[in-house]
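Take this structure, written in structure tokens, and hold onto it; I'll ask about it next.
To keep things simple, chains are lettered A, B, C and D as they appear, and every chain counts its residues starting from 1.
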Amino acid sequence: MGFSSMYSEFRKKVYIVIYHTNTRAGRLFDLILLGVILMCVLLVMMETVAEFDQKYHSYLITLEWIITVFFTIEYLLRILCINRPIRYIFSFYGIIDLLAILPMYLSLFITGYNILTVIRALRLLRLFKILNNPHFTNHSNKLRRALIASRGKIVVFIYFVLISTIIIGSIMYLVEGKENGFTSVPMSIYWTIVTLTTVGYGDISPQTPLGQIIASFVMIMGYGIIAVPTGIVSAEISKISYNKEMQNPCINCDNTNYPSNAKFCPQCGHSLENI
Amino acid sequence: MGFSSMYSEFRKKVYIVIYHTNTRAGRLFDLILLGVILMCVLLVMMETVAEFDQKYHSYLITLEWIITVFFTIEYLLRILCINRPIRYIFSFYGIIDLLAILPMYLSLFITGYNILTVIRALRLLRLFKILNNPHFTNHSNKLRRALIASRGKIVVFIYFVLISTIIIGSIMYLVEGKENGFTSVPMSIYWTIVTLTTVGYGDISPQTPLGQIIASFVMIMGYGIIAVPTGIVSAEISKISYNKEMQNPCINCDNTNYPSNAKFCPQCGHSLENI
Amino acid sequence: MGFSSMYSEFRKKVYIVIYHTNTRAGRLFDLILLGVILMCVLLVMMETVAEFDQKYHSYLITLEWIITVFFTIEYLLRILCINRPIRYIFSFYGIIDLLAILPMYLSLFITGYNILTVIRALRLLRLFKILNNPHFTNHSNKLRRALIASRGKIVVFIYFVLISTIIIGSIMYLVEGKENGFTSVPMSIYWTIVTLTTVGYGDISPQTPLGQIIASFVMIMGYGIIAVPTGIVSAEISKISYNKEMQNPCINCDNTNYPSNAKFCPQCGHSLENI
Amino acid sequence: MGFSSMYSEFRKKVYIVIYHTNTRAGRLFDLILLGVILMCVLLVMMETVAEFDQKYHSYLITLEWIITVFFTIEYLLRILCINRPIRYIFSFYGIIDLLAILPMYLSLFITGYNILTVIRALRLLRLFKILNNPHFTNHSNKLRRALIASRGKIVVFIYFVLISTIIIGSIMYLVEGKENGFTSVPMSIYWTIVTLTTVGYGDISPQTPLGQIIASFVMIMGYGIIAVPTGIVSAEISKISYNKEMQNPCINCDNTNYPSNAKFCPQCGHSLENI
């Protein structure tokens, strides 16, 4: 057995491990990848906590390099085992995979502090690698379908909220004025969004009686209109749940209204085995 | 070809550009109008940011005049090309279009600062010009129908919330008193709305143990009753989504309102088999 | 015509005005009553605003007495025109009507400031008089039915929220301790309710990293479980909307699935006129 | 009648009182147990209120011992009257019952203040004893089923929220920086969760214009995506409510899962006419 056949054998095995998620090796690979991704996100986060970074700086750097090397090997293996590597490299997930390893190699050559901060933040893009994980994609399809179906109505709703926000913001700017923290119309709009969405920081709050009456109105409005997106999505999810039960009709009486595990037609009693 | 026929030809072309949204020129016109409206709203907002206004004041004024002239031309063209201009001028959108250009011309004659501020704020009414945009109206009909259908129940709900608010506000005024920020019953009611809608600024918050117990009760109540408007709108949108299933009309009486498995028209009794 | 027949005529007319809401006089009476109730609630509220009360004290008192006399006449007329006045006097609305007028008369005899404040607050009970108003009761029935039907599930839900609240509150008390504002377990529970219901005053907020992690968990939990009451009420309102269409079955084929305005059975084509 | 038959008679009676909730004694026992549990939770809470504890310390300790003795007797009786005590002792409720009485006995031997605080907090686990109460379990089954059915989608949703949280948190850390309170990425993520869930403490809030624009976006997003879990649970509860319609089982195969208008059992094909 020559080198080329060994190589093609190796490629095939790697391909199965990386892409065949229903084999045991594939499932293990997915789980390890998931674990490493979560660990490295935790790492990027902890680096920014000053006291933690001072104590364990060298450990963090070492761990970071280990993860980078791991992802580099994964990236090279993916290129190696796929039949059309160019297509993978320029695909969404290919670019994400590249961006996941590039920052560490770039940090060797770049020394400017600010640029480095941004580049290091790019490592968080590794999170998107999870979207490629079959454990995740299998479950999210129905949700995505419901959201896409209700997209049109939600856009109209958000547009309506934004218009309300601009109008209320301008009114509050006129009513409360600069001396009560509503320093400009954009600032007033910021306050309106904070109030309408029921977040309510309290960094700016109305001081005049008229302003408080308008604010009360905005709050009740915000409390009420939250019903709209909820209603839209609710109705869509309900519909998708019902629609999926598209069943073959009974041969005898054309009835489609039977439980999914039915063996006989509830309408005429005919067997449903062979439809 | 004389002047009058050229003029009538011109009127016709303008009419198509402005009102025929399914032609290419009409769609382009709508998009440009949308862009100009959004730009001018941004402009009005940025004018109120002190530091931004100081730097670019002359640019803002110039841009403002360009937009005003653009809207003026649009307004005149609309009057020109419509067969019944008087009706347009006194319609809702006609008044909005006029109010969109008036403030700038008025600002030439008026010098009082406060009046000017209010007049300049009127420019925001341009936002309503968007409601006339077909991109917007097409999508919002279903939402509007659901809200209108649930109007009665939502009014009862808001009435119930307001009664609760007044009663709880009065109790909190008695319990907490002036020294803890609940200076009057209206102020207590303001606090109750802030709490019940889960906004929670924190500018006023209960200090006595009894007040905190009542507040906890109000919060849980607010958290629970948000279910009511959501449930109402949800149910309405669901119903409208189901009803819309477009069916062929009955040959005999043009009725489309029949169950999906109907064999005879419920309106006239005609057979529905072959439609 | 003697006095007794005139009196019985008068009683009958009063009865029609007060209780027959579908006559013109009855509708007018209901509207006036509604207006007076809302006005007097506004009055009670404004009395507590110190600066407003100082300016208009005598006007407020006069108006208050006019309203009291109006309600007194209404109360006496109700007793007069009903056949079983005793039953009315001890009914819920009878007691409310009495409590609506008593405070002003009591205030003549009582001089203690604190007791007077509470007694005057009782005037707010007049709000409940509105519940007796047919404009209100007609619309609220469906909502009430939905809430009653989902009562069992909502009680379990609130019970679950309370247990979570106690457990999380105790944990936060141990984690954050007295020095960060979590002075006792009841105070921690208060914080937990403020957070779980997404009110978030910010008067107490976690300071330790572990406390902030737990708080994040509580917020996401609170954000998620708001789905439960909404889902319950939604489902109930949907069901009531569907169920109400209980229609008589077709005489010919026993079918009940037809539009509410159907004239012919969509199943067999038989007329639906006389069922 | 010997001792052993008296003992077996006693065991049987105890068993009926504790486990037969449909007898009068059983219902009384359940209610007493519920009352004692709630009382002792109140007790644990009040102990931590400094001023209350100082006044009534000895009363609290006495009451605490009475409750502990009551629970000890209950625990011993349960072991006594069950046929397989070992299985009960190591079951979930067995361990909860043991943990409910252990802390007080341990507090006799342990003197370290901090350990004691934690051990005393364990008494709150008594709350879980309620889960065993039939008044509670009967009602919660439907809710639990709806939540289990929607578990998959809710996990995906929470995962999506967490990813958004990490990405937005990192961006806000870069935009606002340490000087505006966003001291580290974990702190920024904490802020993002506080904002996205519309809690909004206001202890950290964005100061730069860009930060406020991003915050506005996060709030509207949070306001919108709350629709997703609500929609999921709503749809599930709706489905369960419809399915539950209790129908007579098929005479032939005991199946109850058939459409309401079925004429033949979908499981075995037997006629459903006369059940």
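Going forward, a contact is a pair of C-beta atoms (placed from the backbone, for glycine too) under 8 Å apart; a residue touches a chain by one contact, two chains touch by 3 or more.
Model, not experiment: these values are computed from the prediction.
Participant: Taking mean CA positions as centres, which chain lies farthest from subunit A?
Facilitator: Checked the centroid distances; the maximum from subunit A is C.
Participant: Subunit C-subunit D contact: same residues or different, taking over half shared as same?
Facilitator: different
Participant: Can you work out the whole-Å distance between the CA centroids of subunit B and subunit C?
Facilitator: Computed value for the inter-centroid distance: 29 Å.
Participant: I'd like to verify one number: the distance from the centre of subunit A to the centre of subunit C, where each centre is the average of its C-alpha atoms, in whole angstrom.
Facilitator: Taking the average C-alpha coordinate of subunit A and of subunit C, the gap between them is 41 Å.
Participant: Please tell me the distance, in whole Å, between the geometric centres of subunit B and subunit D computed from their C-alpha atoms.
Facilitator: 43
Participant: Taking each chain's centre as its mean C-alpha position, how far apart are subunit C and subunit D in Å?
Facilitator: 30
Participant: Mark out which residues of subunit B touch at least two other chains, giving numbers and ranges.
Facilitator: Only 186, 189, 198-202, 226, 230, 232, 234-235, 238 qualify.
Participant: What residues of subunit C sit close enough to touch subunit A in their complex?
Facilitator: That would be residues 198-202, 230, 234 of subunit C.
Participant: Spell out the part of subunit D that touches subunit C in their complex, as residue ranges.
Facilitator: 41, 44-50, 117-118, 121, 124, 127, 130, 136, 139-140, 142-143, 146-147, 154, 158, 161, 186-187, 189-190, 193-194, 196-203, 226, 229-230, 232-238, 241
Participant: Under the definition above, what is the set of subunit A residues touching subunit B in their complex?
Facilitator: So the residues of subunit A touching subunit B come out as 152-153, 155-157, 159-160, 163, 166-167, 170, 173-174, 183-187, 189, 195, 198-202, 205, 209, 212, 215-216, 219-220, 222-224, 226-228, 230-232, 234-236, 238-239.
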